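Submitted below is the structure of interest, expressed as structure tokens.
Order of writing sets the labels: A, B, C, D, E, F, G and H. Residues in every chain begin at 1.
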Amino acid sequence: MKQDGFEDIGLAKIDTDRKNRTGVGEIIFGQGKTAEQMDKIVRTMKEKGQDSILITRLDAEKAGKLEASLKPDFSLKYFSDARIGVIGEFSTSRSSDVENAKILICCAGTSDLPVAEETALTLEFLGNKVERMYDVGVAGIHRLLSYQEKLKNASVIIAIAGMEGALASVVGGLVSCPVIAVPTSVGYGASFGGLAALLSMLNSCASGVTVVNIDNGFGAAMAADKIMRLTEK
Amino acid sequence: MKQDGFEDIGLAKIDTDRKNRTGVGEIIFGQGKTAEQMDKIVRTMKEKGQDSILITRLDAEKAGKLEASLKPDFSLKYFSDARIGVIGEFSTSRSSDVENAKILICCAGTSDLPVAEETALTLEFLGNKVERMYDVGVAGIHRLLSYQEKLKNASVIIAIAGMEGALASVVGGLVSCPVIAVPTSVGYGASFGGLAALLSMLNSCASGVTVVNIDNGFGAAMAADKIMRLTEK
Amino acid sequence: MKQDGFEDIGLAKIDTDRKNRTGVGEIIFGQGKTAEQMDKIVRTMKEKGQDSILITRLDAEKAGKLEASLKPDFSLKYFSDARIGVIGEFSTSRSSDVENAKILICCAGTSDLPVAEETALTLEFLGNKVERMYDVGVAGIHRLLSYQEKLKNASVIIAIAGMEGALASVVGGLVSCPVIAVPTSVGYGASFGGLAALLSMLNSCASGVTVVNIDNGFGAAMAADKIMRLTEK
Amino acid sequence: MKQDGFEDIGLAKIDTDRKNRTGVGEIIFGQGKTAEQMDKIVRTMKEKGQDSILITRLDAEKAGKLEASLKPDFSLKYFSDARIGVIGEFSTSRSSDVENAKILICCAGTSDLPVAEETALTLEFLGNKVERMYDVGVAGIHRLLSYQEKLKNASVIIAIAGMEGALASVVGGLVSCPVIAVPTSVGYGASFGGLAALLSMLNSCASGVTVVNIDNGFGAAMAADKIMRLTEK
Amino acid sequence: MKQDGFEDIGLAKIDTDRKNRTGVGEIIFGQGKTAEQMDKIVRTMKEKGQDSILITRLDAEKAGKLEASLKPDFSLKYFSDARIGVIGEFSTSRSSDVENAKILICCAGTSDLPVAEETALTLEFLGNKVERMYDVGVAGIHRLLSYQEKLKNASVIIAIAGMEGALASVVGGLVSCPVIAVPTSVGYGASFGGLAALLSMLNSCASGVTVVNIDNGFGAAMAADKIMRLTEK
Amino acid sequence: MKQDGFEDIGLAKIDTDRKNRTGVGEIIFGQGKTAEQMDKIVRTMKEKGQDSILITRLDAEKAGKLEASLKPDFSLKYFSDARIGVIGEFSTSRSSDVENAKILICCAGTSDLPVAEETALTLEFLGNKVERMYDVGVAGIHRLLSYQEKLKNASVIIAIAGMEGALASVVGGLVSCPVIAVPTSVGYGASFGGLAALLSMLNSCASGVTVVNIDNGFGAAMAADKIMRLTEK
Amino acid sequence: MKQDGFEDIGLAKIDTDRKNRTGVGEIIFGQGKTAEQMDKIVRTMKEKGQDSILITRLDAEKAGKLEASLKPDFSLKYFSDARIGVIGEFSTSRSSDVENAKILICCAGTSDLPVAEETALTLEFLGNKVERMYDVGVAGIHRLLSYQEKLKNASVIIAIAGMEGALASVVGGLVSCPVIAVPTSVGYGASFGGLAALLSMLNSCASGVTVVNIDNGFGAAMAADKIMRLTEK
Amino acid sequence: MKQDGFEDIGLAKIDTDRKNRTGVGEIIFGQGKTAEQMDKIVRTMKEKGQDSILITRLDAEKAGKLEASLKPDFSLKYFSDARIGVIGEFSTSRSSDVENAKILICCAGTSDLPVAEETALTLEFLGNKVERMYDVGVAGIHRLLSYQEKLKNASVIIAIAGMEGALASVVGGLVSCPVIAVPTSVGYGASFGGLAALLSMLNSCASGVTVVNIDNGFGAAMAADKIMRLTEK
């Protein structure tokens, strides 16, 4: 750990050592930051040599402002579904190595799509290949069961669901690979903003399922990426 | 269970086997879906032969967009009270069989009307006859007690209430038929978005009351419909 | 409703009109009552003509005391698994009528057995035939799926599960009959005494599942009994 | 307010001014105090001229110890149902004045008896006449309704109930006098130690019901006593 | 109880017997009702002979619509602070009787004013005289203590506070009259919408304080009114 | 304590004795007050001789209205980051005394800046010198560790963090001075509006960390100021 | 998925297909099962060819009974720290393959040892080599930092902590490998049985940390084992 | 920070650098540790030169075992009220310096005594002089107000209270020194194990009150000690 591995710009201390330490460079958490603040952070990161920058939880309005303020120096690509902004290129260096390592992203319903896309785009940004398997919730379990071959061949599965989040347990009981569960805030009433799905996934009877925060597609992607890197060593 | 009983359109996997399996075809949960997504889903369902389609939790703005985009191919009828959209006809095939089977929908106050209407319309869409008994909350219990004959003759009663949800227990203690309780989010402060009514109904001292999610008039209707079908076998 | 339909013995007011009103006579909730209190209540019920008496939530120690104090006038049969005591005979009058109406009691794991047995015994006490299908949790979903024929033929299914309670949703998606879900307190940590399973079941994506209180096998049995009686009319 | 109106004995500061200020002398909250501590407190109160002393939340074991240690100077009378200990006499001075002022204590079930008795004994200790109306829960509402005359004639009603606590709302809708609701911890599962009944009572649709803490029969008695004193002025 | 004491207009069943039963006529809970619905309810109540009508939780926009639709038949007076609408006159019949009975409304801070005014106006509507004592929170307790004479002379005190709600306990310890506590949603963070104040008040160490729902100034007023009526008998 | 140390203006009772009692004059909590109310309060405080006035939780819109209404008598300076308004001058009298006493304000991320600035400005308003150390969260702990000299030399440290709030524990384990922890509402999902950080900080394994309410930068500043004053005695 | 891959013994349906499906055979969750039930389950598993059997959450008393009842047919080895029972041998087949793959088990304090040992023993049972690094909580962060080499070389790290659970975030920020966080119930008061640590870990600012249930050392071990198997393919 | 400042004994890593870093040596948290584990830890600390050792949350039974096992090498003094064990002498080196610096420990009732004594003993162990002011809860506020001189002269006040915890706010409004609030688990029902007092204290309207965990007298003592040390610099 290099104790001088950061750049202090007052409102932020850019962690220039992060890639060295954790394998992935600094990523910007867009929520609660102004476009002006993000503009300064992006410019510092670029100066310090980070080519590709991911911004998560970036709403459309701020994305527009940031895109405008970064011009003409840098261009921001915005993915509204996933609320993600990207400056620079997606990583491709690792993608040929992971040819046969499939990360499978399952989600229970169409309403879970924003979280699923945040997951997928983050993984692709980091150079992973992913397969999307959307709307395979347990209310029509034959949909999921018809893909047993794909489930068996996956290296990592990310199971995304709101409401009662039962998808994670069912997937967890069918496969031998690591399963990362993402509860979503899809639902109403006693879903309590995703709490029902979160508790459900934490109590999964299928052993070995691990869980991230509600709607945290980004976190699940980071965890899956770390597992994939391990298999490449 | 037919494992191929669905149609994959990427953003959704339409469960074309659902009617065969559960007695009722696919229903669209409108919340969290865009009008564009629903348009695609509706068209696929229609292609696959589902004549009548119910969309729940559909707000007025999205309903307007969807109605426009479906034109002129299909027409959407929107019920703003119940936040329900219907494409095609209400089922009538079963209604003659249920002539004497009354489903009674009681709600505690006028503010519970949106949930009560979601219940009523869903049941009517599925071909059931319902009787509406609104504003019979326990603060003026003589209103409810004056309908004891109707309560006794009902086959299924759906008791809808917010605040403290006492209606479910009182009804449950008066009748021998199944009672389905629906807590609503009507109230403020320590109602915690319907939690007070939910807990109240789950702890009903009148044995045999079952409960659905807060504001889930649709779910109560589905449960009541299943019970009614059972009596018709 | 007969306003004089009860017997006042000070510590209790025995509801002698309950059978007439709700189809089932008074049942004693054993928790929080002393053996002495229950002895008095039982004797009054017997005097008032109720032949068979069910006591729920009766722990072994109190059951012993009550059995002793009722002797030699009445004999108590105690079912320790279900924490149920019965005085008099199980009802048999209805059992021949329900020959083909199967109530299926599914539970997720062996640890759910006490709740499952409370359900089963209550239903049998009321004169119903039940089939027990234990340990069919979703961690090994092929167990449940191998019984699809039985699931399809059931009139009512009671799905009992602790931990994440996913069983209710999976069953709910496979069948057309009413499904009553019972969350259990089996689990630890973030199961929060059954809260996780309760929320999970309330948010079931399989529409039409209704829910009772945590560990309330008795309540589920009462609801199922009411549905069965409806089909017999 | 006399700032010197107390006696400091180190482990406690006896409020010798309380009767002057609030109309009722110091009362000992027994929970969390040792018998030795209570012995010292009682002796100081006696020295300072308080004749009758009430100790609430006093379990049987501590009551035994305290009774022994106070002997032969003072005698303790213990009411195990109510977990109350009394030293000295019940107040009688006010009882003739309240001849026609009836405080009615209703409880929903036999299991609520300990809280109901705590309420009743506290009121009687303070010199009030009370009428007990036990086991009038809403599962058999005809029991309550058969007492409408008594309900109408009461000056204050205390409605005590666990589980869903619906009794408070029903009583509140029937009468014009003040109703004080006491939620009890009777129940299991989603009663969450009385939370369900507490929330239910706080959200009562019958306007004007006020609520005290779970199982706080003592507090309800104190509030009722204050109201009764007001009518005597 | 007259079982026919109501008027059924479909969306509501007007409780025309309420005044007879509870001493106060029907009051309209404005939240969750449309202006159209309230218009119908008001007109029915007027037809049935209720001269003065109180509408609570009425926001400014709906008040405007309702005022317009009721014209020229009836005129609505709107109190924006208290979110209260009144049709007809405030009751004055009782005010002379209560000349010396003071209801004291204390609130902790200026931000609690809307709840305090809801309380005050409701009481005045019902014919009570009230004294307002605002901004006497415990952070500057000398303000409250300087009014000890008024506190002592009050017949009923309503203590309104958000944040930690300590005002109720302090007032409760100073007086012998009934104290009704109203927690408000004033605060942020760990006040959790008034939960902190609610729990604080329920656990008041000053015995005899009773509590109503968060922000429920109306409920506190109704309870105080019932107590005042009792003293007039 | 002077019982007459306040000014009653009806909607508020200005605590003119507060500076004498607590060392700091009255401060206005802007949330829930209208600009009109604040205008009156400010004018009274000015009349009573308070030169400098701090208003917290003041949103931009109200600040604009208040600024306008106070003109030309008084001028309001608004700090939008901190949601703070100041009338009059910042205190400077103490600043020379505290030359060597450094208050260090650490925050975990850029999104915590509003709370950090509320803290910093309040402290500066009260005459303290502060050092800002922003964006030193534990995800890149070398940033914090590179400032060990500054951490060691601080007299008081305020550790501000949302999400999991681990910063407080890490700082608490490194230093011997008092550490005041401020949880923020930065985060989403299972942060539950700052609850996760709050609980985390309350359970800090670094002994001696004390905690204030979520987002309560003002409260932390007041506590730090009190400690600093103590060292000056 | 073989739908007949189980053995039905009434009280349980042994999942004989689990090893084939998920890579690890059936494991017995001891909590809530009687010794008699476990005896039957063990014997069936043995008959069906499972040589080594792990029983988790097995308390000492039941372990004694089970050991006695299984004799002389099978011998049970009990690990009281970890509350784990093992019948048969630990797996060794994989251990030579994982020579260089280190799983690091970090725990924050000595009180977390039971959970840490449950994790370690489960992993060893499954044939993994683990390194224990106990008592490295952030209150003395130099302890953790002195092992940076080991942290960097690990393939998977399991971070176990109660109280505020900050260890997971600090570890997560230092390494590039997957980190699985286990909250424990160590603590008191506002730790709410491990809830504080759970929420803390779910909100970790170190991206890519995944979480299991409170005290679920077993689940973390299962997840780590799955990751390790992946690297061996 | 010395990265080698600890002693690894497997089950613990004794932080031998803690005194240097935080001013106070390692303290043992007794809860969740066996007497055997504590014996080893104590012996290592002694070997490494720590003369006086404090053990908190030590129950009587474990204290007995530990005392026996440490004999004859070391002697343990046990304080049962405070659940504290001490090996070696209380620090006296600082006590002469703090002659005029008074730490005042206020608690609301006699039932709060165990927490108050944990606070007092910890402070005395660390060489501070404390004054105990017990049973000054707000139900009899004249008791507290009679000590205004002492309150004014204190350097730090620790306010300890269960139930609604109002003591902290009242004290906070009376003084200019730092106030540390300790919620206790004294109470029942809706005190939810101290949650009511915790929330109350976090929302204190008296600005500058800081809070520690429920029942955490030790933590409050550590924070007060740090403040006192600051004044001695």
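We take it that a residue touches a chain if its C-beta (ideal position, glycine included) is under 8 Å from a C-beta of that chain, and two chains touch if they have at least 3 such contacts.
All values derive from a computational prediction rather than experimental measurement.
**Q** Tell me which chains count as touching both chain C and chain D.
**A** Both-contact set = B.
**Q** Starting at chain D, what is the smallest number of hops through touching chains needed to reach chain G?
**A** The least step count works out to 2.
**Q** Which chain has its C-alpha centroid farthest away from the centroid of chain A?
**A** D
**Q** Matching residue numbers in more than half of the contact pairs is the bar here; say which of A-G, A-B or D-E clears it relative to C-D.
**A** Checked against C-D: the matching pair is A-B.
**Q** Among all other chains, pick the one whose mean CA position is farthest from the mean CA position of chain G.
**A** E
**Q** How big is the gap, in whole Å, between where the Cα atoms of chain C centre and where those of chain G centre?
**A** Here the centre of chain G sits 35 Å away from the centre of chain C.
**Q** Taking each chain's centre as its mean C-alpha position, how far apart are chain A and chain C in Å?
**A** The computed centroid separation for chain A versus chain C comes out at 45 Å.
**Q** State, to the nearest whole Å, the distance from the C-alpha centre of chain A to the C-alpha centre of chain D.
**A** Chain A and chain D have C-alpha centres separated by 57 Å.
**Q** Mind pulling the chain F residues that touch 2 or more other chains?
**A** Residue numbers touching two or more other chains: 1, 21, 109, 139-141, 145, 173-174, 189-191, 195, 198, 202-203, 206-207, 213.
**Q** All pairs of touching chains?
**A** Inter-chain contacts occur between A-B, A-C, A-F, A-G, B-C, B-D, B-E, C-D, C-G, D-E, D-H, E-F, E-H, F-G, F-H, G-H.
**Q** Which part of chain D faces chain C closely enough to touch in the complex?
**A** 109-113, 132, 134-136, 139-143, 145-146, 186, 188-191
**Q** In their shared complex, at which residues does chain B touch chain D?
**A** Answer in residue numbers: 108-109, 137-141, 163-166, 169-170, 172-174, 187, 189-192, 195-197, 199-207.
**Q** If we count contacts the way the header does, which residues on chain A are in touch with chain F in the complex?
**A** Spelled out, the residues of chain A in touch with chain F are 1-6, 10-13, 15, 17-18, 21, 29, 31-33, 37, 41, 57, 183, 185, 193-195, 198, 213-216.
**Q** What part of chain B is in contact with chain C in the complex they form?
**A** That would be residues 1, 21-24, 27, 145, 148, 155-156, 173-178, 180, 198, 202-203, 206-213, 218-220, 222-223, 225-227, 229-231, 233 of chain B.
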